[in-house]
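Here chain A shows up in two complexes: once beside chain B, once beside chain C.
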Partner chain A sequence: MPNGATFADAYPTQARHIRAAFWASFLSLGVGAFFGLIQALHRTDILRVIESQTYYTVLTAHGVFLVISFTIFFLVGVFQWAVTDSLERPPVDMRFTWGWYGLMSLGASLTAFAILAGFTDSIDVRANVLFTFYAPLQAHPLFYVGLVVFVVGTWLAGADWFRSWLAWKGDNPGERIPLPTFMVLTTMIMWYISSIGVAVAILAFILPWSLELTGSLNPTLTRTLFWYFGHPVVYFWLLPAYLLWYILLPKLAGGRLFSDPLARVVFILFVLLSTPVGIHHQYLDPGISEGFKFIAMTNTMFLLLPSLLTAFTIIASMEHGARQRGGEGYFNWLTALPWRDPAFTGMALAGMVFAFGGFTGIVNAGMNINYLVHNTLWVPGHIHTQVGTAAALTFMAGAYWLVPQLTGNRLVGRGLALVQVVLWFVGIVFMTNSMYRGGLVGIPRRTAEPQYEGFEYEVAAGSVGELNAQLAIGGTILFVSAMLFLALMVLTAFNGGTEPIDDGSIPPALSGPEDSPAVLDNLKLWVAIAAVLVVIAYSFPLASIVSRGGLFGPDIGPIPVAIDAASTVARTALEAVSAVVR
Partner chain B sequence: MRLRTSPAKLLVLVALCLVVLVELRTALAFVGVSLSIGATVAVGVAAIAALLLWAVRPAGSGE
Partner chain C sequence: MRIHQYERVWLLASMVLIVGFIATITYGAVGLGITMVDDRGATIAPDEINEDERFGDPRVEQVGDDEYEVYAVAMTFAFQPDPIEIPADSEVTFYVTSRDVIHSFYVVGTNTNTMVIPGEISVVTVEFDEPGEYGLICTEYCGAAHHEMEGQLAVLEDEEFDLTELEVEAPDEVEPDGEIEITATVTNGQLEAIEETVTVELGDETLEESVTVEGDESESVTLTVDAADLGEGDHDWTASAGDLTESGTVSVVEGSEDDTEGGDDA
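For the complex of A and B:
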């Protein structure tokens, strides 16, 4: 890219495509954040604008719009930018590139329709199954079809990036894979390996069951297949944030990435370790032996390694940048960092929250201590620090640098943008602190009515009322912050006739690819090792689950979640009575 | 008015103060020290006020 040129100058067609992905992402963020606010105010009983029965529609929408649509549309945009910019070439065929974007949009629209139709009785479509869609909760088939089409879109996106890399490789034989492209390719390898699980769960079991082609399924099997994908999907959300921390943050700090080889090692470790751990989400599931759960726990603890390596590399890069800017001393260099820059500050604060949330993740991953917090409010506390901040705040901060590069326009309201990222930081700490504390005393997650009659939670400090107030205040701050972000993005998009402050160049790493062993770029080798690890971790548990409950389960029928409650109770009671009589 | 630090750094420091305050109350509860909401707010107001006073105090005064 010529010096001083923005990405939009060098690749106008690709910039338009990435902008389209970002707008889909931002639209999802707005809708998802709105449902988040409704939820926060409803379950704390501060403001109730919906019936409690509708809570699950809101909760499903909040989850799917944010953790599927917002995150993944944003990451495909970031990945497209990273591949195009680092290979210095557009995709081989832009029609294909628009094609996968179209598939993703179609899938997201179908799923969104299935969820949002739950708000009206005039359309006979429901999908109140939450983001995890555990069977026997059953959604309308459109929900599952939409998810499949969306995931296929991401697969084709990955194929597009591999195709670009192969074309580049043909023109540059013997060259090391540029680091941003390496990160994209390894992330997509992890995504291919892991999303096979959810594809099998939906296509082989859940979708035929929702279409009434099969009469039953094995919920333990579909849950296990979901979590085979469900933990790596966390890294699918997180690794684009890592990419921005490794590629953009050092530049914003005024320096260069400390180590390219360490970054490569980190991404390979995620390819190897992120999938054979999913059973740690199922510690309380019956039907899976304790031994398998213990193995999953051990594997999970290894995942700390790439996160700690990342913390070291990123902080070292930031320190290098600060010292380039005149920072001195053991800690005084921190004051030399560009705290005025919302892109830098947002990412730095996101990293800080990520470190804290990582420690809470160790609690989730520990088999014995997990029993204390399983299915409590602690778990959404953890996901909001990790995906809701490490990923989401990094994406928003990254957008403050990327959107000007993609539009050729200067960011509107730089000072307000700084306030926005700081608001998010404060809001998330208020909200998640309340969630963690509530979880420790057993307040359940995923319910509109967390308080029970004749029972009081013994909160360590304060009261449930205080926790509720803190959660509602935090949730409201987050909503305001999200709206401010969207407003600034819209204003920036229309800020024509201006130029970005920063140029789009990314400086090379201090320790470049020439310092890393060539074997790190041998993607086939890492795929093979990852596949072996997955087979070792999952073949015995899956065989055991199928041998106990069968492929299609012991006659498990659907539980439609949006039907007349009285008739359900009556039917269940009649079935119970008839079973006793028989 | 000249500040001893930039408004951006001051904003981040105030945010960190709030965050430390929220988390400190929880941490103290684990070691048997419970701060009421009133006391927490008072400590917070005092900490942020001290921070702001430090920021607006001319550099070199009191030396």
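For the complex of A and C:
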């Protein structure tokens, strides 16, 4: 890229494509945040604008819009930018690039339609199954079809980036893969390996069953296939944030990345270890032996390694940046960092929240401590520190730097943007503090009304009222912050006739790729090892699950979530009575 | 590969930390014997539940000196049995399965927590030291009224806990020249024999008898009264054993059919 030119100048078509991905992402963020606000106020019984049974339509939308649509549309944009910018070449065929974007948009729209139709009785389509869609809860087939189309879109996006890389390799034989592209390719390898799980779950079992082609399914099997995908998907959300921390943050801090080789090692570790751990979401599941759970636990603990290494590199790079800017002393260099820059501050805050959330993740991963917190509010506490902040806040902060590069316009409201990222941090501290503590006293997640008749929660310090207030206040602050972000993005998009402050160039790492063995770039090798690890971790559990419950399960009829509460309660009562009478 | 000195130290420290975590958890699992939900439970298809020896009649059963088993069923949107009563300081094993979708079985604020998946039986063994009433809720979204799925777990002092049941057979209507027979049956669901004083009252007649009921057995006591002694009209009866009481009414009427239908179950 010619010096001084923005990405938008150098690659106008590609910039337009990435902007389109970002708009899809931001739209999802806006809708998702609105639903989040409704949840925060409803659960705590502070303001209930919907009926409690509609809460689950809202929650399904919150989950899907935020962790499928917002995150993934954003990351394909970032990845497209990273590949194009670091290989210094556009995609081989732009029609293909628009093609996968079109598929993703189509898929997201179908799924969104299936979910949102749940708000009205006039359309007989419903999908109140939450983003985990555990069978035998059943959604309208469109929900699943949309997800599949969306995922196929991401697969083609990956193919597109591999194609760009192969074309580049032809022109640059023997050269090391540029780090940003290396990160994109390894992340996509992880994504291919893991998304097979959800594809099989939907295509082989859930979709045919929802279309009434098959009569039943094995709920443990589809659930296990979901979690086979469900853990690596969190790294799919997180690795683009890592990419921004490795590539952009050191530059924003005024320095350079500390070590390119270590960054490669980190991404390879994610390829190897992200998938054979999914059973840690199933510690409390019957039908899976303790041995398999133990293997998942140890793998999960080793998965801490790449994140711990990342913490080192990032802090070291920031320190280097600070010292370049004249920072001195053991800790005093911190004051020399560019805290007025919203992109920098947002990412730094996101990193801090991520480190804290990581420790709470260790609690989840401890297979026996997990019993105390499984399915309590503790878990959304963890979710919001990780994908909800480490990823989301990094994306927003990253957008303050990227969107000007992609539009050629100067960011509107730099000061307000700083307020926005700090607001997010404050909101998340309130909301997750309430969620973590509420989880420890047993308040469940995923419920419209955690207030029960038969017992009260025993809050050691504070009260349920105080926890509720914090959750609602935190949620409201987060919502305001999200809206502020969107407003600044829209204004920046229309801020024509200006120029970004920054020139968009990325300085090379202090310790470059030449310091690492070439084997790190041997992607085939890592794919092979990852595949072996997955087979070791999953073949026995899956075989055991199939032999216990059958490939297509015992004969359980579908439970469409369309049934309204009244008739279900009636059915329950009837069943209870008949059980007693008999 | 060139690795900075600090990086090496950090790498080593990270590995020590990770191995430390694994060791701690392994110690918890093996050393402290914290058991996990696993595949020890059998499988059961949801449509077999009603015919099943254990889950067809969800209940608490004594299986050893201080050992109990609970056969519980989760379904949209209730638990059976409800409430579940268990004694404190005993080893209680819950067997839980689902009639329909995925639920959970979570005793609020404790680590008694398991997923309940249709087709599978979750097995959890616990000991509650503290008597008290605990909330039992489903923490897995299971449909529109998920938030109403609530049961209760009552952990009782040893003295207060029993598995004694009282069942009474009495006629509804009797001819004025007939006989009224009221039979009270005491069933002892526990393993040790119990002593109970059974009282049956009808009109002015009272029968009081002490019975010894062996473990897993039942004993009956019958009071017989001539309808003529009572005269035409409605007459109330009561039967009690310990703190269990049953009551009902018998009518002495002309031209009635003498049907002996059972009173309510305990």
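In this section, the second predicted complex is superposed on the first by the 566 of 582 C-alpha atoms of A that agree within 3 Å, B and C clash if a C-alpha of one lies under 4 Å from a C-alpha of the other, contacts with A are read in each partner's own complex, and residues count from 1 in each chain.
Rule of thumb we're sticking to: a contact is a pair of C-beta atoms (placed from the backbone, for glycine too) under 8 Å apart; a residue touches a chain by one contact, two chains touch by 3 or more.
Keep in mind that this is a model prediction, so the values were computed, not measured.
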In the superposed arrangement, which partner chain does A:103 touch: chain B (first), chain C (second), both, or neither? neither
Tell me the contact category for A:188 with respect to chain B and chain C: first, second, both or neither. neither
Is A:462 contacted by the first partner chain B, the second partner chain C, both or neither? first
A:515 in the overlay: touching chain B, chain C, both, or neither? Say first, second, both or neither. second
Kindly classify A:429 by the partners it touches after superposition: chain B alone (first), chain C alone (second), both, or neither? first
First, second, both or neither for A:437, with chain B first and chain C second: first
Among the partners chain B and chain C, which is in contact with a greater number of residues of chain A? C
Considering only the touch criterion stated at the top, classify A:268 as touching first (chain B), second (chain C), both, or neither. neither
Shared chain A surface residues [contacts with chain B and with chain C]: none
Applying the document's contact rule, which stretches of chain C touch chain A when the two form their complex? 1-4, 6-7, 10-11, 14-15, 17-18, 21-22, 24-26, 28-29, 34-39, 41, 43, 45-47, 50, 58, 75-78, 80, 99-102, 104, 106, 108-123, 133-135, 137, 139-148, 150-152
Provide the residue numbers of chain A that touch chain B in the complex, in ascending order. 335, 339-340, 345, 349, 418-419, 422, 425-426, 429-430, 433, 436-437, 460-462, 466, 470
Residue positions on chain A within touch of chain C in the complex are 52-53, 55-56, 59, 128, 130, 134, 136-137, 218-220, 223, 258-259, 261-262, 282-290, 293-294, 297-298, 301-302, 304-305, 308-309, 312, 316, 362, 366-369, 371-372, 374-376, 441-442, 444-450, 452-455, 457-458, 511, 515-517, 544, 548-549, 553-556, 559, 561, 563-565, 568-569, 571-572, 575-576, 579, 582
Residues of chain B touching chain A in the complex: 5-6, 8-9, 11-12, 15, 18-19, 22-23, 25-26, 28-30, 34-35, 37
